[in-house]
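The chains carry the letters A, B, C and D, assigned in the order they are written, with residues numbered from 1 in each.
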Amino acid sequence: MSVRVQEAAFDVAVEMAETTGGDTSIGGVAMFVGLVRDLDPHADAKTVSALTLEHYPGMTERQLESIEAEALQRWPLAATRIVHRHGRMEPGEPIVLVICCSAHREAAFEACAFLMDWLKTKAPFWKVEDTDDGPRWVEARAADDAAADRWAKPEC
Amino acid sequence: MSVRVQEAAFDVAVEMAETTGGDTSIGGVAMFVGLVRDLDPHADAKTVSALTLEHYPGMTERQLESIEAEALQRWPLAATRIVHRHGRMEPGEPIVLVICCSAHREAAFEACAFLMDWLKTKAPFWKVEDTDDGPRWVEARAADDAAADRWAKPEC
Amino acid sequence: MKLKYFAWVRQRAGTGSETVDVPPEVSTVAELVGWLRSRSPGLAEAFQDTTAIRCAVNQTYVEWDHPVAQNDEVAFFPPVTGG
Amino acid sequence: MKLKYFAWVRQRAGTGSETVDVPPEVSTVAELVGWLRSRSPGLAEAFQDTTAIRCAVNQTYVEWDHPVAQNDEVAFFPPVTGG
């Protein structure tokens, strides 16, 4: 169980090695890295020159730990890690990293997708984009709520 | 589009940087790394001291390229990479890496899971494990066939 | 009571955090918001449309009928956009 | 015809690859397997249970009724276990 909120960038290979920690019961590692895009995917597609992530220190860590604990309860995971950056980032820079290790790839994949969906809807981060028209707060996507909701329903 | 079959280990951070290639339209990178486990997951759970992967040079690359082309057709992906090792590996070592980059995380996750399911059932690799009882060829899992089959069916 | 504001709620409120003495009749989040609106034009603007605002009491998401007490940390912010 | 064997098929056949002249009456994979069985005890053992063997002609998976010709590369192997 491992959660970090930091301004600094991260190295995926180092994070993965620390997370698996030489545990040879692990057969699969699913990872996701979110990157800053240069196009606002919402509405009118302005060019984004930079992104600043504000968060709620204290609550952020609590929320990430609670999401991670839920993943560990729902799937047979050997290790997990969430690293989320805050502060100013430029297009192409990594924002978030989720790592899920398991004996089996299905559990690793599902838990990783679950954590990303919940991060998008529950972790107290807010993005402000620097666009051609000046700074603009990113609005929450209904699609993200729908993605998170699917984990609350029984499988079809 | 990028497929490699090699004996050498790989660095996930280097592979990810090469795959995204500074493309700032990419918002999400889903990755999967398969590792050698020290327990044979099949049958009677012998301890595995090493694994040797044999493959069919020529056909392997063709098969991986064809699987990758199918993923690129089915999902809006900005870039993909498959690196599969052959030869002798010890527990904890990486065997396979799949990277899928997309503007959206759903496409990246799905394509990555799809590629892994197909690799398990279509790529001409064969594993022989060194166990306490001597070397033993790993048998194909019915669960892997089922996992690959789900991509051929309409969603429920 | 410790109040925290984030993102555009913070910008409109004109501050990221403040410590206030709330009147005794303020016992829920909704009542707190009503009282805050009367405190400054910035807060009135911040809380004009509360459908776009979420609340956490002591770092846990709550609904608008949740009770608030003098020693609570109460935070207001827009729907989150992390990841 | 170029033949290739992998994994335990290779071990039982005693070789990883060989080039053979097949009789003209061998025109499908199934007929090729029948002919191979008669060539050596190792090949007979390798092809004893063909339900556990897959075939590729010119590096493409095929069924047992697929035609084979003199210049083909024909490979036999167990179900794959990569990843």
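Note that in this section contacts are C-beta pairs under 8 Å (C-beta built on N, C-alpha and C of every residue); 3 or more make two chains touch, one makes a residue touch a chain.
Note that the coordinates shown come from a computational prediction; the quantities given were computed from them, not determined experimentally.
S.K.: Taking CA centroids for every chain, report which one is farthest away from chain B.
M.R.: Taking each chain's C-alpha mean as its centre, the farthest from chain B is C.
S.K.: How big is the gap, in whole Å, between where the Cα atoms of chain A centre and where those of chain D centre?
M.R.: Chain centres of chain A and chain D, defined by C-alpha means, are spaced 49 Å apart.
S.K.: When the C-alpha atoms of chain B and chain D are each averaged to a single point, how far apart are the two points in Å?
M.R.: 26
S.K.: Two-or-more-chain contact residues of chain C, please, as numbers and ranges.
M.R.: 83
S.K.: Could you say which residues in chain A touch two or more other chains, in rising order?
M.R.: Residues 34, 105, 116 of chain A each touch two or more of the other chains.
S.K.: Please list, in label order, each pair of chains that touches.
M.R.: The set of touching chain pairs is A-B, A-C, B-D.
S.K.: Spell out the residues on chain B that touch chain A in their complex, using ranges where they run on.
M.R.: 11-14, 16, 20, 22-39, 41, 91-92, 103-106, 108-109, 112-113, 116, 147, 156
S.K.: So in the complex, which bits of chain C are touching chain A?
M.R.: Against chain A, chain C makes touches at 4, 6-8, 10, 56, 59-61, 75, 77-83.
S.K.: Hey, which residues of chain B end up touching chain D in the complex?
M.R.: Spelled out, the residues of chain B in touch with chain D are 34, 53-56, 58-59, 62-63, 84, 95-96, 116, 119-128, 137-141, 144.
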